[in-house]
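Below are two complexes that have chain A in common, paired first with chain B and then with chain C.
Our next item is the complex of A and B:
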């Protein structure tokens, strides 16, 4: 039985208030078709886990779809600040659970290992642990040394965008995997959007994501645009710049266009 | 020489701070470090090991994105994969030599703020967040920070939020290079970049300026450095933080 669904069906399975982990890094291989459909379906009160986010978080902020963000960095790198995210935080509509990228990974690893927290070497001298409560100190029962720990981050749903997937959920990431494989293993449910869906008998490369961990596969061509997707396409700088100059128009366009799959 | 811009001096200065054989990392929004690493590897640090978010070891990019330094172009020519999670682990166990980091604010102890202007709870401006810095800066052997502006808003007496603290060794700005003093753990003036005067530095820095015991004149940018800089970055992506 195939795991393939339409984008609308897959997004319809997301409940308001869910904790999502989104794959990719900054403007690279983020599941943006999925994010746009979240906006179209008017999802609310989402919490999102990213290491480094950009258009994904900013668009969800603009659409007033998110309640909180667990991330190390939200911004458009050399193109500037994520203005809608920034405003959402300043207006106290969005809660920032500010992590370091490394502690997002540590929290996800705790989920992978089936343990409640993960020791981490870092944060010495930082005010973030005190300000966020996300990093706390415990005494090691073996050495009696103080060590920082991060609570497990267990996404309700991880969504990643890949180059190729099959009907069983096996998936191949071309280029940098970023934290996607960690997010997949840490989550309760996994949804994959893919540039191309092939039959599981047709693989010519080795998929990194094993299908048994995946609930749903969605065909989403240009699913990471206007960000990049491995060797398939680069960042569409003009489109990202248009978004930054006039995000409201971009949002209207997203809402006005019925998803094409 | 006279037509060199601040980005050229900063990039050359950062390249010179990389030692041969060191394992070197930069993160997002870091065009000058990305190019400085390649420059160092052409010159005095041929055996430096380059790791980045793009996930490969010792990439030799032939093109640079002017909008992102997590781009696939920065994995070009890399052989073995090495993910961002691998890089954080490397630093955590004390095996990463250099991390290039930055902050909206940097203080005299070489700490940085990338979290918020104003209070963390009720920010006047919410900033992007420190990315890897809160975990990297205390664990990497040498943190090299840079700023594209040198004024009292950037180099402050007191940070609004301490996002990351730790092993900052150098801070490079359009006016100066600071090095942390082992005596009091404070940044001291290590070099003035060409065209800058010490009065400019004193006037535009929020923390007190003292000369480092290793203070010296910034060695002239060589023809070889300029030639390689042009060869590595003909499009001038190193200028992209200065628009």
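Our next item is the complex of A and C:
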């Protein structure tokens, strides 16, 4: 039986208030078609796990779809700050679960190993732990050494965008995998959007995501645009710049266009 | 004639060793590392935060660190987990950092201006900063210098420098012999005094003065008695740098 659905059907299955993990990193291979459909369907009170977010988080912030963020970094790197996220936090509409990229990953890793927390190195002294309580110290039972630990992060739904998937949910990521493979294993449900969907007898490369972990597959060509997608396409800097200069128009355009997939 | 940004990038590139591993972030650090690779350090291992290891990009600059160009001609491409755990296990010698605020001990803030609970300006956050500042043997900070950025007290300590002085990193449980190595601004290159761990001017860019160094800082900056001017970029350095960023994305 095929796991393929339309983008609208897949997004319709997301409850308001869900905890989502979004794959990709900054403007690279983020599931942006999915995010735009979340906005179109007017989802509310979402919480999002992301190592480094950019247009995905900022657009959800602009659309008032987001309640809280677990992330290490939200911004457009050299292109500037994520202004709508920034305003949302400053207006206390968005709760920040203050992380570093590495501690987000550690929390997800705890989930994939089925343990309640994950020890982590490199958080001795930053104010992140003491202010936020997200990184805490325990005494190692073997060495008696103080060790920082991060609580398990278990997304309700992980959404990643890939180059190729098949109808059974097997999926192939071209280039850097970022945290996608960990996010897939950590979540209760997994939705994959793909540039291309092939028949499961047609694989010429080896998929990294096994289909049994995946609930739904969606065809979404240019699904990471205006960000990049591996070797398929680069960042559309003009489009990102247009967003940064006039996010409201971008949002109106997103809402006005019925998705075609 | 090199502009300010070019001078800073060349100064940063020169700090990188002929071999060893450097953790590379976006913008000027990326350009400095690729410049080093193409000049004095062909065996330098560039570890990109997006997952690329050993990438030697040719042609134009990879604008953002997780772009596919960052693993061009590389050794492997993994995940952010892969490269960050390299740092956690102590494999990375050099790392670049930036920030909105820095204090005299090289502690950095990339989290908020104002109070964390009710921020005046919400900044992007730690990214890889907190752990890289904690774990790399030598970190290089590239930052614009003025009184708002060079502060007496950080609004938030995201990425640790030497905390409040000598021995404090070790006390916090950080690995010995790690910490901020150099700070590069438009005015000069700073190190940290062995005894006090306070920021100290080592080199000044020509055209600037010791007075400017102090005027553009809210904390007192010691001047090394052996301070010198930064050696001007060579023709080779400038030509190579400009060929890496022909559109002037970073250097213009």
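As a working rule, the second predicted complex is superposed on the first by the 261 of 261 C-alpha atoms of A that agree within 3 Å, B and C clash if a C-alpha of one lies under 4 Å from a C-alpha of the other, contacts with A are read in each partner's own complex, and residues count from 1 in each chain.
Everything below uses one rule, namely that a contact is a pair of C-beta atoms (placed from the backbone, for glycine too) under 8 Å apart; a residue touches a chain by one contact, two chains touch by 3 or more.
The structure displayed is predicted, hence computed values, not measured ones.
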Overlay on chain A: chain C relative to chain B, clash or fit: clash
Contacts of A:240 with chain B and chain C, given as first, second, both or neither: first
Contacts of A:146 with chain B and chain C, given as first, second, both or neither: second
First, second, both or neither for A:208, with chain B first and chain C second: neither
Which superposed partner A:77 touches (first chain B, second chain C, both, neither): both
Which of chain B and chain C A:6 touches, first, second, both or neither: neither
Touching partner for A:200 - first (chain B), second (chain C), both, neither: neither
Residues of chain A that lie at the interface with chain B and also at the interface with chain C: 25-28, 51-52, 71-75, 77-78, 81-82, 85-86, 89-90, 92, 96, 98-102, 105, 120-128, 131, 175-179, 182, 228, 230-231, 234-235, 237
Chain B-facing residues of chain A, complex: 25-28, 51-52, 71-79, 81-82, 85-86, 89-90, 92, 96, 98-103, 105, 120-128, 131, 175-179, 182, 228, 230-231, 234-235, 237, 240
Residues of chain A touching chain C in the complex: 25-28, 51-52, 71-75, 77-78, 81-82, 85-86, 89-90, 92, 96, 98-102, 105, 109, 120-128, 131, 146, 175-182, 228, 230-231, 234-235, 237
Touching residues (chain side chain C, partner chain A) in the complex: 26-27, 49-52, 63-68, 71, 77-81, 84, 87-89, 111, 116, 118-135, 156-160, 163, 169, 172-174, 249-250
Residues of chain B defined as touching chain A within the complex: 28-29, 31, 53-56, 65-72, 75, 81, 83-85, 88, 91-93, 111, 114-115, 120-136, 138-139, 161-166, 240-241
